[in-house]
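Heads up, there are several structures right after this.
Across the two complexes that follow, chain A remains constant while its partner is chain B and subsequently chain C.
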Partner chain A sequence: MLDLIIRNGRIVDGTGLPAYRGDVGVAGGRLVSVGRSLEHATAGRIIDAAGKVVSPGFIDPHTHYDAQMCFDPYLFPAIEHGVTSVVTGNCSLSLAPVRATQREDFSAMFRLIEEMPKAAFDTGVDWRWGESFGGMVEAVGKDIAANVAPLVGHSVLRLFVLGDNARRAATADEVARMCDVLRECLDAGAVGLSTSFIDIDPSMHPVPSRWAPHAELQALCAVLGEKGRMLQVVHEFFDAGLTVSRIEMMADLSRRYSIPTTLSPLFHNNTMPHAVTQVLEAVERAWASGARVWPQVQTRPIDISWTLAERSLMFLVIPGWWPVLSLNTHAEKMEAFTDPLTRGSLVAGLNLLADMPSSNLTLNPSSYVVRQVGSDRNRDLVGRTLGDIAVERGTTPSELLIDLSVEEDLQTWFMRADIGHDNAEAVGAMLAHPFVHVGASDGGAHVGSFATFGDTGHLFSQYVRKTHSLRLEDAVKKITLDTATIWGLDDRGVLKEGKAADICVFDADTIDRGPEVASDDFPGDAIRWIRRQVGVHSVIVNGVETWSAAEGYVAGARGGRMITR
Partner chain B sequence: MGHLQRDEPIIVSCVVGPGHDGRAEVVAELLYPNGGRSWLSIGEEALTRAVDAAGVTSLDGLTGQPWTVLVAGLDMPGLDMPGLDMPDINLPDQPVSTT
Partner chain C sequence: MGASRRYVFPEPGDTLATLAERVMPGQPDAAKTLLSWNLHLAMRPFPVGEPGEILCTDVVYLEPPTARAGA
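== the complex of A and B ==
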C-alpha cells in the first residue's frame, strides 16, 4: 500500500518533455511510480488530478524567508503557490553565523534592507540555535513545512570574523579565518555564499561585503570551489556597464574555482531597453568561455503604492502635487485637498499626467487601483480601478482620488501597477532565454511595501497563456529541474522514481497569482501585503500533503527539511 | 545648491523604474565633463531628501543639477559619514578576460 496516489493527471515531469497522462505514486516521502497506471493500487490518500497538471514542486532561488521561517513553518502563503523549496540567505544576509553580541546590529541591517517590521523580527526570531550556522540548520529544520536551501551571507561572515568594525579590508589572518568559517558552514549544509555590491546598512554605509577587496572574494570562492557551491551576487543592476564588468568578474571566478554563479536582479527597463541586450550578450560570452553565470529574472512587474498622507515618488511626476504633499501637518494637507482652488489645480495636474507622452508614468489615473481603504463602508472598493468607481459615482478618476482620500482622512492606499519590468514581449523573451534563471522573487522580504508571492502563477498566466513566450513544459522546467540543477539540489526538481516527492497539482488554464491584499498575520501591529494562489489544487512536500484547495493548510504538516548538500 | 563646477558630473535624466528587490526607485543618469555617463539608483527616502535639498518639486527639476544634490539625499541625521566614506568599486585590479 502506498502513502499517496495522484490519479489521471497530466504529467509535466520537469524535464521539458511533452506532457502525458498518467498516475504518480508516493511512499516514504519518495516517488515510487511515475506515469504507470496505479488503477489497482491502494494508498492512504488518493488525489484525483483529472484535468490538472502534475509537476514537480516549484523551487524559488531568491528569498529572504530567514526570519519568517523562525515563526511560520508554512512560509505563508508561499507553499499554496506550489513552492516546495526555497533558497534563503541571499544578498549577503543570513541568520547565521551571527554572534550574540551582534544580533541587534545584524537585525537592524536585515530589517532595513529586506523591509521586515521590527516587532515581527524581534518577536519571531528567537535565535534558539545560538550562533552557529549548523545550529541554525538543525533548529529550523525541526519545524518546517517547506524545503530550505540556505546560503551564508558574506556581510554576516565579515561581521562574525572582523567584529563590529567590518567596514575595512580584512587582514590575511582574518581572511583565512573567514575561509575556515565558510568551510564550517558548507560542511553544515550551506548551498553557497551570497554577497552584495549595492546594499547599505542603517548608518547609510555600504554593507560589510562591499568593503571586501577582490582578493578576499577570490579566497572565499576557492573554498566554494572545494565543494562546487554557488556564489550569489547582488550587482549594480541600474548600470549596464558595471553589470557587464560584474559578469566578467563572476565568469572569471566561475572558471577559476569551478563554481556556479548567479546574479540578481536583472530587470527590463523601457527607458534603457538596450541594457538587457548588453547584459545578456555578456552572459553569453561568459558561457562561451566555459563559465557558469546565471542572471535571475523575476516574472512580476514593478508596482508603486501610495496614500495622500505621505510624500511618494508618485508626486514627483504629477505636476503641482509635491508642494501640497510636503505640507507639514495632516490638517494642512486636509485643508489643501478640500480647498476648491487647490483641488482644481491638483486635478488639472493629474489630468495633465495622463496626456504626457514623454513621462514614463503615463497611464491615466483611471487605471489606478484602490489597494486598501480606511473605512469598512468602502471595503468593496478594494481591488477596483478608479475609472470603474468613478463611473459608478458620477465623477472623474482624478477627482475621485482626492475625494475618496479626504473621505477616509487620507488613509486610502492606491496602487499604480506596471511601472517597470512590464514590457510583456521583452520580459517574456528574457524569461525564455536559455541562460536566464527564473527567480528573484524576494519572497519573505519587503512585506510592508508589496507582495512577493505568486511569481510562479504569474509565469504561467502571463508568459505561458497570454504571450506564449514559453511552452507549459518549458515554464515548469525553468522553475523545477533547471533550478535544482543550477543549485545542485540533486534530489529535486523532477518527477522521477526515487526522487523526493515534492509535487504541485494545478490547473494550467487558471493558475495565477491572486490580488494583492493586506494581512495582519505577522507578529506585531504592522500589516503586510500578500497574494493568495489561484488555480493550484494540491501541494506535496516530501510526500506530505501540505496544502490543498479543499482543505487549506494541513495542520501539523512538516514535510520540509533543510536541504543540506 | 552650489554653483555647477566644470569638473563635476550633472544629472541629465531621472526616471522611475525597477529598483533593488523590485521596489520602485529613481534611476538618475549622470553626464561627466569628459562625456562619460553613469547611473545611480536612488530609493524613495533618499530621493525625497535630495529633492528637498535641491529645492525642486519634480523629478524633471533635478535635470541639470550637479550630482552632489543626490549625495545630499544621503545626509541623514546621525549619519556617521564625514565626507564620502565609501569603498572603491570592488572590481578586480586587473581586467578579467572572458575569452
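== the complex of A and C ==
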C-alpha cells in the first residue's frame, strides 16, 4: 500500500517534455511510480487530479524567509502557491553564524535591508540554535513545512570573524579563518555563499561584504569551488554598465573556481529598454567563455506601498526623507512632518523625482495612488492619484502626500503600481531566455512594501496563458528542474521515480496570484502585504500533503527539511 | 571573453587619488579624470567616508564609457 496516489493528472514532469496523462505514487516521502496506471493500487490518501496538472513542487531561489521560518513553519502563504523549496540567506545575510553579542547589530541590518518589522523579528527569532550554522540547520529543520536550502551570508561571515569592526580589509589570518568557517558551513549543508555590492547598514555605511578586497572574495570562492557550490550576488541592478562589469567579474570567478554564480535582480525598464539587451549580451558572452552566470528575473511587475508611519526603502535616497522616517516615535514623526522647514525640505526632495524621466524606476509623485485611508471622510480618495487630487485641492502631489498623511495621523497608505518591469512582452522574452533563472521573488522580505508571494502563479497566468512567452512545460521546467540543476539540488525538481516527492497539483487554466491584501498575522502590530493562491489544488512536500484547496494548511504537516548538500 | 569596459578593484587603503596615481602614472589631474569616468562613485547616495574614499569592492573604470550603437 502506498502513502499517496495522485490519479488521472496531466503530468508535467519538470523536464520540459510534453505533458501526458497518468498517475503518481508516493511512499516514504519518495516518488515510487510516475506515469504508470495505479488504478488497482491502494493508498492512505488518494487525490483525484483529473483535469489538473501534476508537476514537481516549485523552487524559489531568492528568498529571505530566514526570520519568518523561525516562527512560521509554513512560510505562509508561500506553500499554497506550490512552492515546496526555498533558498534563504541571500544578499550577504544569513541567521548563522552570528555571535550572541552581535545579534542586535545583525538584526538591525537585516530588518533595514529586508524591511522586516522590529516587533516581528524580535518576537519571532529566538536564536534557539545558538551561534553556529550547523546549529541553525538542525534547529530550523526540526520544525519546517517546506524545504530550505540555506546560503551563508558574506557580511555575516565577516562580522563573525572580524568582530564589530568589519568595515575594513581582513588580515591574511582573518581571511584564512573566514575560509575555515565557510568550509564548516558548507559541511553543515550550506548551498553556497551570498554577497552584496549595494546594501547599507543602519549607520548608512556599506554592509561588511562591501569592504572585502577582491582577493578575499576569490579566497572564499576557492572554498566554494572545493564543493562546487553557488555564489549569489546582489549587484548594482539600477546601472546596466556596472551590471555588465559584475557579470564579467562573476564569469571570471566561475571559470577560475569552477562554481555556478547567480545575480539578482535583473529588471526590464521601459525608459532604458536597451539595458536588458546589454546585460543579456554580457551573460551570453560569459557562457560562451565557459562560465556559469545566471541572472535572476522576477515575474511580477514592481509596485510599492507605504505609509509615512514606517520607513520604506523607497525613500532611502530621496533627500531629507530617511532621517525623518527613521525617527523613533510617532509623535516625533508628526512633529517633523508639520514643521514648516522640514516639510519644505521633504517636498523639495520628493519633487526631484518628478524631473527624472530617465530614472530606472519611474517614481513621479503625481502617479502615486491613495490605497487605504484612515478616516471615512476620505474614502472617496481611494484609488485616485495624488496628481488628480492635488489639482482638485490646489496643491502639489508632494505636499498632498504629507498633508493627507498628517490629516490622518499617518494612517494613509499609498501605492505606486507598475513602477517598472511591467512590459509583459519584454519581460516574457526575458523569462524565456535560456540563460535566465526565474526567481528573485525576495520572499519573506519587504513585507510592508509589496507582496512577495504568487510569482509562480503569475508566471503561468501572464506569461503562459496571456503573452504565450513560454509553453506550460517550459514554465514548469524553469521553476523546478532548471532551478534544482542550477543549485545542485539533485533530489528535487523532477517527477521521477526515486526522487523526493515534492509535488504541486494545479489547474493550468486558472493558476494565478490573488489580489494583494493586508494581513496582520505577523507578531507585533505592523501589517504586511500578501497574496493568496488561485488555481492550486494540492501541495505535497516530501510526500506530506501540506496544503490543499479543500482543507487549507494541514495542521502538523512538517514534511520540510533543510536541503543540505 | 573580452571585457566591455576595463576596470579594476581598489586595493586596501586606496583612495581615488592613490589609485589614480597607480593606474595613470604621471598624468596631470589623474584623480579628476578617473572620477569623471566613474560618476557612480561621485554620485553614490551614501558616501563611504571622507571625500575620495573608495571601497575595495568598487568597480573603478579605467576608460570613459563606450558609445553604444542605437543607445
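To be clear about the criterion, the second predicted complex is superposed on the first by the 453 of 565 C-alpha atoms of A that agree within 3 Å, B and C clash if a C-alpha of one lies under 4 Å from a C-alpha of the other, contacts with A are read in each partner's own complex, and residues count from 1 in each chain.
Everything below uses one rule, namely that a residue touches a chain if its C-beta (ideal position, glycine included) is under 8 Å from a C-beta of that chain, and two chains touch if they have at least 3 such contacts.
These numbers come from a predicted model, not from an experiment.
> Please work out whether A:Met204 is in contact with chain B alone, chain C alone, both, or neither, and reply first, second, both or neither.
In the superposition, A:Met204 contacts both chain B and chain C.
> After the superposition on A, what does A:Gln298 contact: first (chain B), second (chain C), both or neither?
The answer is first: A:Gln298 touches chain B but not chain C.
> Quick one: is A:Val87 in contact with chain B, with chain C, with both, or with neither? Answer first, second, both or neither.
Touch partners of A:Val87: none, neither chain B nor chain C.
> A:Leu193 in the overlay: touching chain B, chain C, both, or neither? Say first, second, both or neither.
neither
> Between chain B (first) and chain C (second), which, if any, makes contact with A:Ala445: first, second, both or neither?
A:Ala445 contacts chain B only, not chain C.
> Please indicate which partner A:Gln278 is in contact with in the superposed arrangement: first for chain B, second for chain C, both, or neither.
The answer is second: A:Gln278 touches chain C but not chain B.
> Quick check on the output: what are the common chain A residues between the chain B footprint and the chain C footprint?
Residues 197, 204-206, 210-214, 217, 239, 241-242, 245-246, 248-249, 251, 282, 285-286, 288-289, 291, 316-317 of chain A touch both chain B and chain C.
> Which bits of chain C are touching chain A when the two form their complex?
Against chain A, the touching part of chain C is residues 1-5, 7, 9, 11-13, 40, 45-46, 48, 55-57, 59, 61, 65, 68, 70-71.
> Looking at the complex, which residues from chain B come into contact with chain A?
It comes out as residues 13, 15-27, 38-41, 44, 47-48, 51-52, 57-59, 74, 76, 78-81, 85-87, 89-93, 96-99.
> In their shared complex, at which residues does chain A touch chain C?
168-169, 197, 200, 204-206, 209-214, 217, 236, 239, 241-242, 244-246, 248-249, 251, 274, 278, 282, 285-286, 288-289, 291, 316-317
> So in the complex, the part of chain A that touches chain B is made up of which residues?
Going by the criterion above, the answer is residues 114, 167, 197-199, 203-206, 210-214, 217, 234, 237-239, 241-242, 245-246, 248-249, 251-252, 265, 267, 269-272, 282, 285-286, 288-289, 291, 298, 300, 302-304, 311-313, 316-317, 319, 322-323, 326, 360-361, 419-421, 440, 442, 445-446, 449-450, 452.
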